[in-house]
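Two complexes are shown next, each including subunit A; its partner changes from subunit B in the first to subunit C in the second.
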Partner chain A sequence: MSEFKIGQREAENVSILELKGYLDAHTAPKLEEAFQGLLKSQRYRIVVNCRDLSYISSAGLGVFMAFIEDVRNNKGDIKLTNMSPKVYNVFDLLGFPLLYEIFKEEKEAVTRFFDRTK
Partner chain B sequence: MKTVSIQVESRTERLIAVRDFVSEAARAFGFGDEDISKIALAVDEACTNVIKHAYRSDPTKIIRVNVIAGTGTFEVVIQDEGLRFNPTQVQAPDMKEYLTHFRRGGLGVHLMKSLMDRVEYSIAPGKSNELRLTKYLPR
Partner chain C sequence: MKLRRLILLGAAFLLVIFKFALDVVEKNVELDLMGFGLIRELLVIASLSLLYFVIDALASRRESTPLRKLGFVLIAMCAMILVSIGLSVSGVGGFDTKNQALVPLDYPSIFLASLAAVAFGIFSIVVFRLLRDLILINRKPAARRNWLIFSALLLGTSLSCLTSRPLDSSVATAILFSFSILFAVMNSFRLPWIVYLTKREKLFSLACGFFLFGGFTALAVQIGTSSLLRKSLLYYSHPLFQFTQLVAIFGALYAGMAFVSTLFHLPTAEAFDRKRSEVSSLHTLSKLVTQVFDFNELVDNVTSMTLQVVGASSCWLEIITAAPAEDGAGASDDGSYAVHVAAMKNIAQEEIDMLVSAERRGIRDTVVNERKAIVVDDIEHDARFVHLKKRRGVAGSLVVVPLVAHTGLAGILYATKKESFGFVRDDVDAISAFADQATVAIENSRLIRESLEKERLYREMLVAQEMQKRLLPQHVPSAPTIDLDAMSTPAFEVGGDYYDFMELGEGRIGIAVGDVSGKGVSAAFYMSEMKGIFQALGRICGSPKEFMVKANEALADSIDKHSFVSLIYAILDSRSGRLTVARAGHCPMLHISGETVAYVRPNGLGMGLSRGQTFDDAIQEEVITLVAGDVCVLYTDGVTEARCGDDEFGYERLMEAARGAREKTAAGIKVEILETVSRFTEQRANDDDLTLVVLKWNGAERRP
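Then we have the complex of A and B:
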């Protein structure tokens, strides 16, 4: 399936997931696997870069919901960045900005993990 | 009034075909990009519900999506012959409460109602379940 891809890299001890393409009920399990992999290797500082994410449905949003509690219980967080207005609108419609920190740029989100005044 | 239809198997990999079909019809009808995205997402949510709830992920079942283009009114009718699931009776969750308790699921119905102007569900004995999503063309 080429409609959804995930890239993964590390920056300053933060794991970055780069989402590309269409995140729907068909492709959501791929994102679920990626989060499971991070949690298994005890990586709880996670930034999800949505620059190349063209589409998200509630199945995709549900994946973020599924892991946030575990991640925060381990003193980590899932932060989101670089959303297109179209993708941001879907998060916003469901009130996700109340629960997740969303940044314009990836760098801001990475820095935030080391901001002691948070 | 003009009607176009697509039939797809009840499989999540077919969602992209449904979105493309509905988007094209919405564009031809005169909607702009923002409304086209809203309609495609609402129809995706409706079909995802059919696949998961009405058909319990049985890929041999069929979903029919009809687009009815009226005067200023764009209707998408999603038909299935699975278990009855009436999304219009699902109560809108208090999102703050919902999110702070980290719950999953039920978001699709809330989205559909937010994205479309009307959401109606009808069942009749011996007939398909029908979910009718309506959006009005802005004047």
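Then we have the complex of A and C:
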């Protein structure tokens, strides 16, 4: 039941992770792996597209927390986009909007990286 | 039983005496009566029949091995030869031939003829009975049929000359006789017992066969040619003569066949012995595997049986403690493994270390990677054993068999022989079979260890569960103005949900509900830490926000990066109904006031997510003043995220459930919500920790 998939692509030097399905304690290691892979290849500009993410648990939220420090120390960021209202509510309850930039559209997040660098 | 046999024996003896008397009478009074001869023959038949019953009873009384039976046949035969020799050296007159009949020349002749004939009769019956047992050892229908036909023919041949004179020969007798011989030959092929003899027993059987063949042939010739023995037997009884003659011939045939057959079985005797000990060892071993849980005893048995069965000069068994990765077949790049010798026979650890080098590409590595048995025929000239060049004579040949379990490689079984080319294919097969048994044993002991460990962990978890229950409030605070109830159940044995109450003085009551990210043991540890923080800081913090800020600081040092705690903390003034709520990333509080239902959701951030100013700024307080009948529900996401397929219980359903039950007591509302959740999830076990605190406001105290 708890199927979880991650798609990864590159757009204008920004790495985009597309999450699909249920992100909970069982599937969190998959996302951890994906982040580790990006950090290993020194890709610190990361956009996580949550369009197809149907559920996120506290263990799933924890994954973002585990990597944000490293990413920001390397002048990068993790930006979140395209959340369904339900998923956004989970992020919002915990106060994630205070810690992460959350966008409606992926494109906004990508261009945001370049606004900053200018 | 014994008495009956004695009576039979006595009767037979009397009949023999009576027959002797008749013989004596016949010599004196020349009665050439047909009837008289017949009476004599009937007496003989009757006495021998009685004797047969006695012998039959004795023979079937106890179980005996084929070889013992063969031995008894030999004894009976020797006795017959002794009787025959005794007769020929007795120097009695003998018999005269007269009108196809035999006339004894003196009384001693009659006496000795009777004695010899009775002895021959008895021993023939013994031989007949014993050979029957040997032939019918495995009771095949064909064997039984052939034996019955042979017995019938034997009897028929004997009885066919019941009325004929001693030297008469009838056509019928001759025909029956030749058929008897035919079936004697057929029956002499029945030698099923030879196959199962050990080599030593086969040698004994060979000797027996040889002497029996010689002895019975001599007897058959004696009886067949015109000797004193022949005449004595014929004189005494023609049927008895036929019977003994046929038994002697049959004995000679059977012994001859046994001799030849054993001779042919002799070369394979050793292999057969080995196979048999192999099978019985495996049998013993597989019994041990299921009965004995002492691992050391089992591997000890495996090695000693290997030693015994294949005749190895040394044998040892190594257990692999860290098996290489399962996937990369043969290509274990970093497939490091450790071995330890679980059992060794006739070899010391140093010798093992020397023989099987621990270096890469050693014989052990090859077996570990390829998982196939390896036979090293000639250690001295084998490239893999160059490191042994200086030390000769450690071993000549070596067999290495992997213990392949379905979970991976369990160990390796080694056997050596002093001589090179010492192991044949059968040896390798046998060692492999033992290795398989050892594998099962190792697997079994591993499973038992695991289940014991599981059992231990389970008990530990039960203890932890009990401990955690104690961390939750044992009773709820009470005040005339409030009705409070709470519950919490972990999804597993322990969980990360937390709730607590604290009386802060001046009628103020603190109510906290929290949730640690993740589940199980790690969550439980943070939960207990939360309890400590709340108990330490709750009393000294005047407002929920102050508590949150201080608690976050306290927690930040110990919590790991990807864990956090969400908490909602409300302080109620039980005199005025003023409720101050702060929320650190936790689910909003449900507030029901009359028909109005709303979630109280002050801004906030989960604890452990950020420290310092960000957190402090994020936390806000919201104050509501309760009116009589108001209900507040604090809960964890186990309630709102309770699942039914893809659907979640959600905030709407919680609202509806609480609103519907708002007239009930706090306990009633709690039960109503839980039942609604349970109905929604269709009674499946909740997959998240679930906590519920219900506060009902009865109205402010009216002061006089």
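Everything below uses one rule, namely that the second predicted complex is superposed on the first by the 113 of 118 C-alpha atoms of A that agree within 3 Å, B and C clash if a C-alpha of one lies under 4 Å from a C-alpha of the other, contacts with A are read in each partner's own complex, and residues count from 1 in each chain.
Everything below uses one rule, namely that a residue touches a chain if its C-beta (ideal position, glycine included) is under 8 Å from a C-beta of that chain, and two chains touch if they have at least 3 such contacts.
Given the structure is predicted, the values throughout are model-derived calculations rather than measurements.
After superposition onto subunit A, the modelled positions of subunit B and subunit C overlap sterically.
With both structures placed on the common chain, the touch criterion links A:69 to subunit B and to subunit C. Applying the stated contact rule after C-alpha superposition, one finds that A:39 touches neither subunit B nor subunit C. In the superposed model, A:3 lies in contact with subunit B only, and not with subunit C.
Once the two complexes are laid over each other on the shared chain, residue contacts for A:95 go to subunit B and to subunit C alike. Contacts of A:59 after superposition on the shared chain: both subunit B and subunit C are touched. Judged by the touch definition given at the top, the superposed model places A:25 against both subunit B and subunit C. Superposing on chain A, the segment of subunit C with clashing C-alpha atoms against subunit B, chosen from 96-104, 294-302, 330-338 or 510-518, turns out to be 510-518.
Taken together, the two structures place residues 25, 57-59, 61-62, 65-66, 69, 86, 93-96, 98-99 of subunit A in contact with subunit B in one case and with subunit C in the other.
Taken together, the subunit C residues at the contact with subunit A in this complex read 515-519, 561-564, 566, 584-588, 603-606, 609-610, 614, 618, 637, 641, 646, 648, 688. Looking at the complex, you find that subunit B touches subunit A at residues 11-13, 15-16, 19, 34, 37, 41, 44-45, 48, 51-52, 95-96, 98-100, 102-105, 107-108, 110-111, 114-115.
Within the complex formed with subunit B, the subunit A residues making contact are 1, 3, 22, 24-26, 55, 57-59, 61-62, 65-66, 68-69, 86, 90, 93-96, 98-99. Those residues of subunit A that touch subunit C in the complex are listed here as 25, 54, 57-59, 61-63, 65-66, 69, 86, 93-96, 98-99.
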